[in-house]
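Written out below as structure tokens is the structure these notes cover.
Should a chain be cited, it is by its letter among A, B, C, D, E and F, assigned in written order, with residues numbered from 1 in that chain.
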Amino acid sequence: MKKHIVLTVLILGWFALPAFGLEGKIDGKAVPAINYALDTIWVLVAAVLVFFMQAGFALVESGFTRAKNAVNIMMKNMIDLSVGTISFWLFGFAIMFGTGNAFFGTSGFFVSADQVDAYASLSWTSVPVMAAFIFQAVFAATAATIISGAVAERIKFSIYMMISAAVTIVIYPVSGHWGWGGGWLGDLGFSDFAGSTIVHAVGGFAALAAVLVLGPRKGKFRSNGEAIPIPGHNIPLATLGVLILWMGWFGFNPGSTMAADVSVGHIAVTTTLSASAASLTAFFVTFLLYKKADVGMTLNGALAGLVGITAGCAGVTGVGALIIGIISGVVVVFSVLALDKMKIDDPVGAISVHGVCGVVGTLLLGFLDSSSGVFYAEKTADGLLFLGVQAVGVVSIVAWAFIATFIFVKIIDTLFKLRVTEEEEFQGLDFSEHGASAYADFNIRQSGGF
Amino acid sequence: MKKHIVLTVLILGWFALPAFGLEGKIDGKAVPAINYALDTIWVLVAAVLVFFMQAGFALVESGFTRAKNAVNIMMKNMIDLSVGTISFWLFGFAIMFGTGNAFFGTSGFFVSADQVDAYASLSWTSVPVMAAFIFQAVFAATAATIISGAVAERIKFSIYMMISAAVTIVIYPVSGHWGWGGGWLGDLGFSDFAGSTIVHAVGGFAALAAVLVLGPRKGKFRSNGEAIPIPGHNIPLATLGVLILWMGWFGFNPGSTMAADVSVGHIAVTTTLSASAASLTAFFVTFLLYKKADVGMTLNGALAGLVGITAGCAGVTGVGALIIGIISGVVVVFSVLALDKMKIDDPVGAISVHGVCGVVGTLLLGFLDSSSGVFYAEKTADGLLFLGVQAVGVVSIVAWAFIATFIFVKIIDTLFKLRVTEEEEFQGLDFSEHGASAYADFNIRQSGGF
Amino acid sequence: MKKHIVLTVLILGWFALPAFGLEGKIDGKAVPAINYALDTIWVLVAAVLVFFMQAGFALVESGFTRAKNAVNIMMKNMIDLSVGTISFWLFGFAIMFGTGNAFFGTSGFFVSADQVDAYASLSWTSVPVMAAFIFQAVFAATAATIISGAVAERIKFSIYMMISAAVTIVIYPVSGHWGWGGGWLGDLGFSDFAGSTIVHAVGGFAALAAVLVLGPRKGKFRSNGEAIPIPGHNIPLATLGVLILWMGWFGFNPGSTMAADVSVGHIAVTTTLSASAASLTAFFVTFLLYKKADVGMTLNGALAGLVGITAGCAGVTGVGALIIGIISGVVVVFSVLALDKMKIDDPVGAISVHGVCGVVGTLLLGFLDSSSGVFYAEKTADGLLFLGVQAVGVVSIVAWAFIATFIFVKIIDTLFKLRVTEEEEFQGLDFSEHGASAYADFNIRQSGGF
Amino acid sequence: MKKIEAIIKPFKLEAIKDALNDMNVLGMTVMEVKGFGQQKGHTELYRGAEYQINFVPKVKVEIVAAEDNVELIVETIIRIAKTGKVGDGKIFISPVDDVVRIRTGERSSSAI
Amino acid sequence: MKKIEAIIKPFKLEAIKDALNDMNVLGMTVMEVKGFGQQKGHTELYRGAEYQINFVPKVKVEIVAAEDNVELIVETIIRIAKTGKVGDGKIFISPVDDVVRIRTGERSSSAI
Amino acid sequence: MKKIEAIIKPFKLEAIKDALNDMNVLGMTVMEVKGFGQQKGHTELYRGAEYQINFVPKVKVEIVAAEDNVELIVETIIRIAKTGKVGDGKIFISPVDDVVRIRTGERSSSAI
């Protein structure tokens, strides 16, 4: 192993950590050697945690849907991860972080370490391009995979792959550029630390657009419009998924420092306080409504709290985090019920959790940011201005994600049809799309008795 | 993102990592900037690993119990995490680490970064208050969640929430203060590096108290007192849970340095050696008894080894770790069998694993600590004194946890009744408490055939 | 806690991180204090990720096999972890990294911190012996556990334990010494950064040897030789396993720097690009063959890409990683089909994924290494020489692993018989070896209705 | 009294239950079964190899009814369960000597 | 010979097996079923919405017995399975022409 | 028409299906059941304690056939399912009044 390290480092144009106290060069920038090593390690560890959220999404989505579509959910998550990684490497990263105009980046395609100058918007972080890329790539995959749950149990697999590619190549990177990549929203002062809106609401509203075109699952609504719950097939897996996502958020939020900053402690605390508050709130609200402790809503509540705090995790106090969590916990319950009323079928609650609570969290930051929020700013006018910017950011990004996805999905629906046939839907996508069953051995043929 | 970091850092009263080689100030203390950044990152990463133990507990507990209570277990773990985090933030952390008297802390409620002076007992670590808090909060959640498995399949959900709150607000913090928070046991020289007694035995004996008041599950004992095993419904999930816990222990033990100390390597090795030895030992012991390789005992064995080494992970040698593992592996088997004999029904073995092996591990450290243990101390008298202190610590902490929990549980039993009705127990708590089924789709209604 | 740290550090002969900027001593070598702390933390974190791969293997293997053998798979993974850790501590590490001759190490048994001089081959890394050991121990466990899946559903549990011990004591350490421990292959210039051959192909070809002696599962082949697929019982678990393995590879590959090197970013990117490309490729190839999106092959594809890139993760460019991924994705599909044709029964594809793709990846590095590969070397002759060395390395290591395992397995087959009886195989190993069922509650006796 | 056993496509169960309910059939017992018939099963794919699944998931509905109601029940089931495609299923009618309601000990037709 | 099919609450199975065993009933076959009857099911809750579960989990016990034993078996089942609450279940008795023991090829009553 | 219910060891199912298929039996319905009989079950081990499992997993195959074919079907099942060890299972034969093919509405023997 050893020889290779030195080799690699030279090849890639980096300096190894030489003697302590010297400056190194990373992607051409001068940084104290030990700092950039530490920053890089931290960003990679955070990226690994965010990567694992793919597993969390896969479990939540399959746990909340039926056994006959479990293979399909797994395949969708495997493939959107693969497609997302490669297309973000080819195009997405350049469009999002590449130097360009106020609307999208135009340089830095096919990411490689010698393209340092291509990503002016990342010059603030000391980590090498490749570390920044891996962290951002798993974010992009997250945005894409949010859609998977909302369109579950009825979309064609091939269509889903196209949507995945579109999200990681264009939809997510463009609005991402506005906020984080040197675009107009960032310049305006829009604040979304780890992506309540830039990641989650984009995923959530892209999902809404896809669901509107796709229509509800067969059997979801009675002819009189009443919603019929279709319970998920594996609650323990769904819960494991939520706990994995919660864990992943300790990479998602604190990792968005992209530096080994001591503020990560504070960010982790606000993150987990909001999640805790939201899961308790969602639990209490449904308990008041039905006198039962609803596991599905509690799980959605925890995720809602995580999405809600993502924008403000670094900027709010502990109390602020609790407030965001409580509001997110209330909002997610009524949002899920409202979508049912509106005959919008989202099997896992992705639109409510990521879309609605992403928006809510970003707007709440306008009030609760402990330096510029309405409740904290020295001059209220400044606070209101900040809130206004938040609103502009939310509206423009959500509008972009929704409209762009809607148009894209409409076109492919016209060309290829989005949905499987009714018969395929009854059989389950595992059979029709994958020729497989998730739990084959619960068939008689292989059963173990003697 | 970038603007925010600087902002945050200022708001929260920390200095950013300025130039390399300078000193920074963290919570008012002067520390070399790069050191405290590294320490903070490490403590956060360790906290994330410990956080994930919640998932491990949820899986072990649900895997070892019946399908009709799987939702209930998941809800208990979600809610004790949420309740625990918030109540530890509000009260527990102050009572445990806050400056106060020899018995409990009295300052530092509603944890925030500007309360540095409130936690004199943590002045030895360079990490910021918020990082220390997140690490300690997941420890508190661990202590609480241990109880969940022991009381499974028969306790009311609302009652469990109360117990959870009591543990994280009072029971765990008080004895924690004695040992780690500046209290009398720490002053005496009691040694429990990462909490064999302070965390695990507290959870285990609180569980024992609750189980004694609660009584066994219907159908667990024949009228002649003979125990009837009630096999768990999902061994693969339970095994995944154990592997997650084992992984989490690499945060639990090495992370208890609360500093990026090189000793973490040694601590990780003793931890994993003990777990390996204990799982093998438990396997061999049951194999000798029954001529079959018992998976349940092997899993419990691994956990027993992890609990046993927790006190001494930093203080014993590799050989010492093997000895602790082997003894823990033997003890856990006979403890589980003995509890069955005594008609104490612990569905997952929590009392034996966490309670009994926590005690055993802490006492064994009295012999095996490589500087002060009986087998190593320069003067045997010193070693015996150290062993005596260990015994005092174990007895007083276990007595506190057991008695405090017993009284609390007795009171709420009198007021509200702890147990669900017999009919609810037959139906399963998933139905009676949550109106749900964990595996709904294995119902006919949704089945996938065509 | 605090007192202990200082204590420990002294006991173990290390210096604590004293003042910033000073040199410390670690295992007797002088290193800048902060660097070795950071390196140690990184190596431990990477080790934890690799450790978690045990869970990944357990899930993939049980997901891909039948419910009646799920307990057995779990037990095998628990026990090979335990046996592997202890035997690698006792013997394996010394044989692999201990100073010795060109073929095996002869010093440093019973690993402890004061044996610094025993492991000359590790002097290049600044981390303490114990941190190096924990990282290498989880590697050894990985090599051993690869075999578990290939021999699943028919091997005696006791026999499997013996094979596990043999692999971690002799088979893996010896060839490991050749490549990484100061042996002849390393001297020759053989390059296998994180172990495509040294870890994975060793596991894969040891598995092949065991499978050849063991024979196929009853019912796997018709009398006319035609293979009958035996579908796995839990695809969601298998997928979770693959995602855990993918995550673990972010420790496996970047962690093999054994230093907090900035190159970890690049290594993580090549790793994930290759996995993505391979999973997509395997998916497309089977889609072309069958017009269905085959989940099993997609999962095997992702693993194939990870194994393939392991040798070259630090040495190839992003494009190189894509090429390795694509080739691995094609190879794994046809390798699985070819083994079926040859009546070699590998229930999970371990031989194809780890054995064949391990070899392929190591050879491809001969072409694609961005400094010495055939396509990049300044003089083609040098490139061809390097390729030749790669071939020599692959052939000699694979031959060793295959032959040594074959002889060992033949002998124990003669002495004890490897296989369970036909009746036990029908009943499932869970019953015959463990007296248990993985999903007991899906029995009627415990069912929840009222 | 007769026992009517109807083997149907699973997704028709809900509709059949509702229809029988409407015509005042107050009890039935259902179970998951696998069927083998003219509907020859299908191929599945597993890690790169295809194989034949001969048994198709079906639901069996058992209704014990007074002789007079049998014809109507059978017709109702046919009406709802029929899709016209192979695999729609079968109905078997067989004699029942006696029926007991456990709760009350009632016998014969009053126990149905 | 007669076939006795008893549909019971699942948690009563163990006791019924023991009771039948005590009276020397040496064979039975049980299966999980879902029942629909006067016990109207229950509501469940899923992500904030309630819904009706009509089918209640039950166990069906099938015993083929000589005609003479039928009455005793039925009485035993009633005695054990009765809780007096709705949903206790039903017993159906129907004719059987022949029984074969596969292991020996024995027929009729000697095969029971 | 008769209904043949064969309770067999699960691993024999595939072979029985093939044999019946060869003799042109074109339909059958199978389900997983648990059996209790002379084969007294077995002990299992759970976290250090042994316990008795009385119910053995079995498969029940139901075939409705014309009276003339019954004997041949029974013999075929015996031939294939017999291992000579306890637990091989039983076959029950009982009367069926009528058969309906849902797809076509055909009745009686033409519907089998």
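Please note the rule applied: a residue touches a chain if its C-beta (ideal position, glycine included) is under 8 Å from a C-beta of that chain, and two chains touch if they have at least 3 such contacts.
Bear in mind that the values here come from a model prediction, so they are computed numbers and not experimental data.
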item	value
For subunit A and subunit F, chains touching each	B, C, D, E
A-E or B-E, whichever has more C-beta pairs in contact	A-E
Separation of mean Cα positions, subunit D and subunit C [Å, integer]	51
Between subunit E and subunit D, distance of the C-alpha-averaged centres to the nearest whole Å	18
Junction residues of subunit D, two or more chains touched	11, 30-32, 34, 44-46, 50, 55, 58, 87, 94-95
Per-residue multi-chain contacts in subunit A, two or more chains	21, 34, 38, 41, 45, 230-232, 234, 290, 292, 294, 296, 426, 431, 434-437, 440, 444-445, 447-450
Subunit B residues touching subunit E - in the complex, by the definition given at the top	426, 431, 434-437, 440, 443-445
Contact set on subunit D toward subunit E in their complex	3, 17, 26-31, 64, 94-103, 105, 111
Contact footprint of subunit F on subunit D as seen in their complex	2, 6-8, 31-38, 54-55, 58, 60, 74, 77-78, 81-95
Subunit A-facing residues of subunit E, complex	44-51
Touching residues (chain side subunit A, partner subunit E) in the complex	64, 227-232, 286, 289-290, 292, 294, 296-297, 300, 333, 336-337, 340, 349
